[in-house]
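A, B, C, D and E label the chains in the order they appear, each numbered from 1.
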Amino acid sequence: MNRDFGSIVLDTAFRYLVPFILVYGVYVLLHGEESPGGGFQAGALFGIAIIIARLVQGEKCELNIPGNAAVVLGGLGTFIFGFIGLLCIFFGGNFLEYGVLSFLPEPQRHTLGILGIEIGVTICVMATIITIYDALTRREVSL
Amino acid sequence: MREQYPALLIIVPLLTALVIPIIAYLVKRLVRWIAMGALIIANISAIGALMHVLNQGVWHYRFGNWMPPWGIEYVIDPLSAGMALLISFISLVVLIYSDVFLKEEGWLKIGMYHTLYLLLTVGLLGMVVTGDVFNFYVFLEISSLSAYGLIASGGSKAVVAAFRYLLIGTIGGSCYLLGVGYLYAITGTLNMGDLAVRVQPLMDSPAVIVAVSMILVGMGIKMALFPMHGWLPDSYTYAPPHAISFISGVMTKVAAYAMFRYFYFIFGAANETIAIVLQVIGAFAAIGIIVGSIMAIAQSDFRRMLAYSSIAQVSYIALGLAIGNMYGLIGAMFHILNHAIMKCCLFLIAGGIKWKTGEYKIAKFIEMSRKMPKTMGAFIIAALSMVGIPPTAGFFSKWYLVLGAIEKNMWIYVAAIVLSSLLNAIYFFRIIENAYLKKGQEDIVPASPKKPELPFSMLVPIIVLGIGILIIGIFNEPIVCQVMQYGLPGGGMR
Amino acid sequence: MSKEFLSQYLLYWLIAVLFMIGPIGMIFKNNLMKKLMAMNIMQVAVIIFFLALGQKMDATLPIEIPGLTGVTNYINPLPHALMLTAIVVSLSTTGVALALLLLIQKKYGVLEEDEVLRRMDQ
Amino acid sequence: MNVLIDYRPLWAVVISLVAAGLIMLSDKKPNLREAWTLIAAFGKMFIVFSMLPAVLSGQILVTEPLHVAKGISLYLKADPMAMIFAALASALWIVTSFYSIGYMRKLKEEHQTGYFASFAVCLAATMGIAFAGNLLTFFVFYEILTIATYPLVIHERDDEAIKSGRKYLAYTLIGGQLLLVGIIWVYVLTGGGDFQAGGFLAGKGSVTSLRIIFVLMMIGTGVKAAIMPLHGWLPAAMVAPTPVSALLHAVAVVKAGAFGILRIVGFVFGPELLKDLGVATALAWIAGFTIIVSSLIAIAQDNLKRRLAFSTIGQLSYVVLGAALLTPMGILGGMYHIVAHAFMKITLFFCAGAILATVHKHNISELNGIGRQMPFTMGAFAIGSLGITGLPFIVGFISKYNLALGALERGQGIFIAVLLASGLLSASYLLPIVYIAFFKKSEEFQEYKEANLCMLVPLVFTAAVSIILGIFPNAGAHFYDLATMAVKSIVTGNLLGGGW
Amino acid sequence: MRKAISYVTVAGMLFFLFAVAGALPQLYDPNSPAARHVSPRYIEKSHEEIGSANYVTAVLADYRGYDTLGETTVIFTAGVVTVMLLRTGLKRKKL
C-alpha cells in the first residue's frame, strides 16, 4: 500500500481506516461466542473494507477481490459451512452435529465447529457483498 | 449413509450448487454433468427415503441431533418424500432438456444458471421436507430468490415481470413470516409437530385467526390462488423456456402442499375457524378455475395460455383442500403430481416449438404435426390429460375431486370442475386443430431419422413426461393407496 | 395513557401500521423504487415484531454474565437468532431487486410502473 | 358357481390397441399396415367367439387385471349382454376393414395411417365398453371411444370437417362430463359400481337424487345414442368418410350409447326401481318422439348419407324405447335391435359409400338408374331398406316384433302405433331410393361398373346376414339366445344369467 | 373500482391487526409463551452443551445451525442472481 491515492484526505482515511476495519472484523469473528458478533458482522466488515478500497482506488486497487473471484469465493465460503456439516455425517453423526468430530479436543468441539462455520459465513458474506457491489457499479451493463 | 438420506437429499445439490461457480470457471463442460450427478443422488435419496418411510413409518431427522422443539428437524412422511421425489425428478428431467439452450453461453452464464437452478431445487426440496416453520421460510426465500433470477434471465420483458413477482412474492413471504410470528407469540414454538399440539387449545384466539389468514395470504400468493395470481402470467410468459418448465411444474405446487400441511396437520381442519377459511379457499378456487380457464381461452400466445391454465389447475388443488374429505385430499395431492408433470411437459413442448420454429403464437402452429410429430404426440397426451380424458392422469385427479365433492354435497365445486374441463377442451383442441387440421401454405419437410425434429436431449424429456402421464393415469391406484393415503391426516400411517 | 396500554397495544399497533405500508405502497405508488422501499418497510415491521416478542422486563442481553443465572435475567435469544436470518433475507431481496431495477432503468429509462408497462408492450 | 377367471376379455381389448401401435409404426408401408389391421380384426373375432360357448353355457368370464382407482378395479366381464355387443362389433370390424381398405385405396385418401390406427383404438374401446363390468371401466372406455372417433370425424381435414369435429366434441364431451358426474354420484351412494343384473341402486338414495342420476346418465349416454334433442352431432359427422359413418352408426359409437342405456337400465337401476321412480316413461316418450320426428326429417333430406343418418337416429331410439319399456320383451327387443340395426344400417352405408366411391354422387336425386349398373350394391340396399321398414324375414322384424310385445306387456299400446308409423315412414324415405335406382331411366352411369370387390363383398355379406338372421335369429353367434339370457338375468336379478 | 377494493382491503386488514393486538401476550412479559416454552433451554443449557457465552450465537450456529446454512445460501443466491443478471447480460441469441 504505497501508492498515492489522489488526495491526502483519501490517503489518510484509507491508510488508517481499513486496517482497523479488518482487525475489527477479525475480532468480531473470533470473539463471536462471547460477545455480540459473528460471521455475518465480520463478513460485512471485511466486505466494507474492500469496498472502501474500491471506492478510493478504483477498479485496480491492491486490496481487491475481482468480481468473478468473489462469486467463486462466495460459493466456497458456504461450501465450508456445508462441508463441516457433511464431515459430521462422515464421522457418524447427524448433519451439523459437532459433538462427533473426534479429531477435535472434546470440550471445544462445539466451539470450534461454530468457529469453522462462522469462517465460512464470513467468507460468503464478504464475497457476496463485493459481488453485489461490483455488479451494481459496473458501467457496461449489457442489455 | 442410509440413515442420512433426508440430509443428503438437500445437502448434495446444495453443496454442488456452491462449488459449481468454480467448476464452471475451470471446466465449462463439466458443470452440466456434475449438476446432473447431484440431482441423480437427490433422486436416489428421495427414493430411499420414500422406501424407508413406507416400511418404517414417519421419519424424523434431527439436524445437529438436537431434540425437536429446540433444534430443527426434518419430518419425512410418504407425502413429503413423494413430493421430494417429484421435485428432484422433474428437476433432473428439465436439466437434461436445458442443455441446448445453454450450450453457446460463456462460463459465467452457464455456471450461474446451473447454480441458481440447483438452488431452486434445494429450496423447494427443503420446503417440502422441513418440520420447522422458520426453516420453511428460509427455504422459501432461497427458492423465491433463485426463481426471480431465473425468470429475469429471459430478457428485458422478463426483468419487469420478475421485479413485479419479487415485490408480490416478498409481500407473500413477509405475510407468512408475520403469521409465524403470531403463532410464535402465543405458543412459543417453531416446530410444526409441537406447534400442532400447543395451538389446539388456543384455536379460538383471534391471534390464531390472524396467523391463519396471513399464512393463507402468503401461501396463496406463492401458489397463485385466484385473487393473488397477478404475478403469474407475465412471469411464465417471458421467462426462458427451460427455467419456466421447472418453475411452473413444481413451484406453485410446493406452496399448495405447504398450505395443505398447515391446514390439515397444524391447525386441523376439524376446527370451526379453519373450516370457514377452507370454505373461503374453496370459493376462491372455484372462481379461479373458471376465470383462469376463460382467460386461457382468450390468449393467443401459447405460454400465456399455459400460464392462465396453471392458475385454473392450481385452483383444482385448492379446491381439493377445501373439500377436505379423504377423496378430496387424495384428489388434491394426486393433482399436484399430475399437474406438475403435465404442465412441465407442456412448457417443455412450448420451448421445443420455440426452438424449432421460433413461434409462440398459437395461430402459427399450423402443420406443426408434420414438422414435429413426436412432440405433438406428447402434446396430445398432455392436453387430453389437462382436459381429463381417461386413462390419462388428469382424469383420475378429477375423478377423486368430484368423488369428494359429491360426497360432501358441494355441487358448485362439481359444476366448476366439470365446466373447467370443457373450457380446457376448448383451448387445447384449438391448438390440436391448428397443428393437425389446418393446412399451411409452404411445403414442410417432415422430420426424418437423419434430421430429427428436436435434439435428442430435448426430445427425451418430453417423451418421458408424456409417457409418464399415461403411466401415472393407468397405475394411479398404487400411488394413491400405497403412498398418498398414508400421508393424509388419519390415513393410518404407522 | 396507561402503562398497560403502552405494553399491550401501542407497539403492536405501530407494527401493524408499518406492516400495512407494504401493501399500501404496492397499491398506491407508481414508482418501482418506492414500491421496493415499501416492501422493505414491511419486512422491517416483521423483524421488529419478532424482536418485540423476545423482550422481558428487567432482563439483559442474551450473553452470559458470570454469576448471573436464571432464565428471567436474559431476554429470549431465539427471536434474535431468527431475525438475523430475516435481516439477511431482506438484504438479499433488496440486492436482487436493485439489480432488477438497474436493468429496468437501463432498458426503459424510467421507473414509473405504468410507463414501463406501456413501453414493454410496444 | 360358474364365474370363471379368464383373461380373454382383456386380450380382446388389448389386441387392437397393440395393432394401433403397430399401425402407427408401419406408417410408410401400406400393405404391412393393413395387414396389421386384418390380423387384429381376425384375432379379435377369434378371441371373442372363443368365449361364446362358455357364455352360452351360462358361465361368466371375468378378469380384474389392475386397479384403476382407489378401491375400483378395471373389471372386464363377459356376460351374455356383453357378448352380444362384442361379437357384433368384432364381426363387423372385419367386414369394415376390408371395406375401408377398398374405399381408401379407391379414393386415395390422405392420412390413412391415422385413420386405421384410430379405427383400431375405436374397436378396442368398443370391446372395453362391451365387457365393462363396472361403471368406471365403462366410462374410461366410453371416453376413449369419444376421443378416438374424433380423428375419424375430421378425417377430411377441411373446414367443414373441423366444424363437425367441434360439434361432435362439444356434444360428446359435455355428455361425457354429465355421465361422469352421474357415475361418481352412484359410487358415492353405493360405494361400488359393479354392474349387477336387475340393478343395485334400489334403496340406496333418495328418490330425487336417483332421478337426477338417471337423467344425468341418460344425457351422457343419450348423446352418443343421439336421442332427439341431443342428436345434432350425428348428421354433422356425416362429413367423415363412409366407412367411418358405417362404423359410427352401425357398430361402435352410437351403439355404445345405446348399449350404455341398456346397461344402465338393466344393470344399474333395474326395471323395478325405474318403475318406482317413474322416469322411464318420460324416456319412452322421448324415444317415441325421436322415432317419429327423425323419420319425418329424413324424408326431407336429399343427401343420401344425411338421410341415413336421420334414419339411424330413429332406429336407435327403438333400442332406447325397448329399454324404457322396462318389460322383458321390450328389453329383449331393444337388445336384439342393436344387432339387427347394425347389420341393416351397415349395409346401407356400405352401399352409400360404394356409390360415392364409384360414381362420386352424394345426393339421392342424382341416382336415377344407378341400379342397372350396380345391381348387387343396390340389391343389398333394397334388402337393408326393407329390413329397416320391418318386413318379416329380415332381421329388423324380429326386434320390432319383440318391441311391440313389450309395449303390450307394459300396457302402452300407443307405442305400437309409433312403431307402425315409423315403419311406414321409413318405407317412405328409403324405398323411393330403391325405386329411383332401379326404375328411373338415365344414361348418366353408362360407363360405370359395379363397385370394386373389396367393397362389394362386405356389403353383400352384411345384406345376406340380415336375411339369414331374419330367418334364423340364432344363426352364427346365437344373438337371440344371448339376448334372452341377458333379459332373463335382468328380470330374475340373477347375476349369472339363468341356468340355460 | 380496483382502487376502492384495495382501500377497503387495506383498511380491513389494518383494523383486523389493530383489533387482534389484545390477543397477543403483553410486551416485556417474562411469562409469555415465547419466553417460557422453548427458549429457557437455550439460556440454561447452552453453556454446558455448547460452551458459548453468547446465547444468540449458540442458537444461530448450533441449535438452529441449519437455518444459518440456509441463510448463508440466501445471500449467496442473491450474489449469484446479481452476477447473472448484470454481468452475463440479457442478450440472448435467437434460438
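We take it that a residue touches a chain if its C-beta (ideal position, glycine included) is under 8 Å from a C-beta of that chain, and two chains touch if they have at least 3 such contacts.
The structure presented is a predicted model; accordingly, all values stated were derived computationally and were not measured.
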Mutual neighbours - chains that touch chain B and chain C alike: A, E
Chain nearest the overall Cα centroid: B
Most widely separated chain from chain D, with each centre as the mean of CA atoms: A
Chain pair with the higher count of C-beta pairs in contact (B-D, B-E): B-E
Distance between the centres, which are taken as Cα means, of chain D and chain B, whole angstrom: 43
Whole-Å gap separating chain A and chain C, where each centre is the average of the chain's CA atoms: 25
Length of the line joining the C-alpha centres of chain C and chain D, rounded to whole Å: 69
For chain C paired with chain E, centre-to-centre distance based on mean C-alpha positions, whole Å: 9
In chain C, residues with contacts to at least two other chains: 19, 23, 53, 63, 78-79, 82, 84-85, 88-89, 92-93, 95-96, 99-100, 102-103, 107
Chain A: positions in contact with at least two other chains: 34-36, 71, 74-75, 78, 82, 85, 95-96, 98, 132, 135-136, 141, 143
Chain D residues counted as touching two or more neighbouring chains: none
Contacting chain pairs - touch in the sense defined above: A-B, A-C, A-E, B-C, B-D, B-E, C-E
Chain C-facing residues of chain A, complex: 34-36, 40, 132, 135-136, 141, 143
Touching residues (chain side chain E, partner chain C) in the complex: 3, 6, 9-10, 13-14, 17-18, 21-22, 24-30, 32, 34-35, 38-40, 42-44, 47, 53-56, 58-60, 64, 67-68, 70-71, 74-75, 77-79, 81-82, 85-86, 90
Residue ranges of chain A in contact with chain B within the complex: 68, 71-72, 74-76, 78-79, 82-83, 85-86, 89, 93-99, 143
Interface residues, chain A side, partner chain E - complex: 32-39, 67, 70-71, 74-75, 77-78, 81-82, 85, 95-96, 98, 107-108, 110-111, 113-114, 117-118, 120-121, 124-125, 127-128, 131-132, 135-136, 138, 141-143
Chain B residues touching chain E - in the complex, by the definition given at the top: 14, 18, 21, 63-64, 66, 69-72, 101, 104-106, 108-109, 112-113, 115-116, 119, 122, 126, 132, 134-135, 138-139, 141-142, 145-146, 148-149, 152-156, 158-159, 182, 184-190, 198, 205-207, 209-210, 213, 240, 354-355, 358
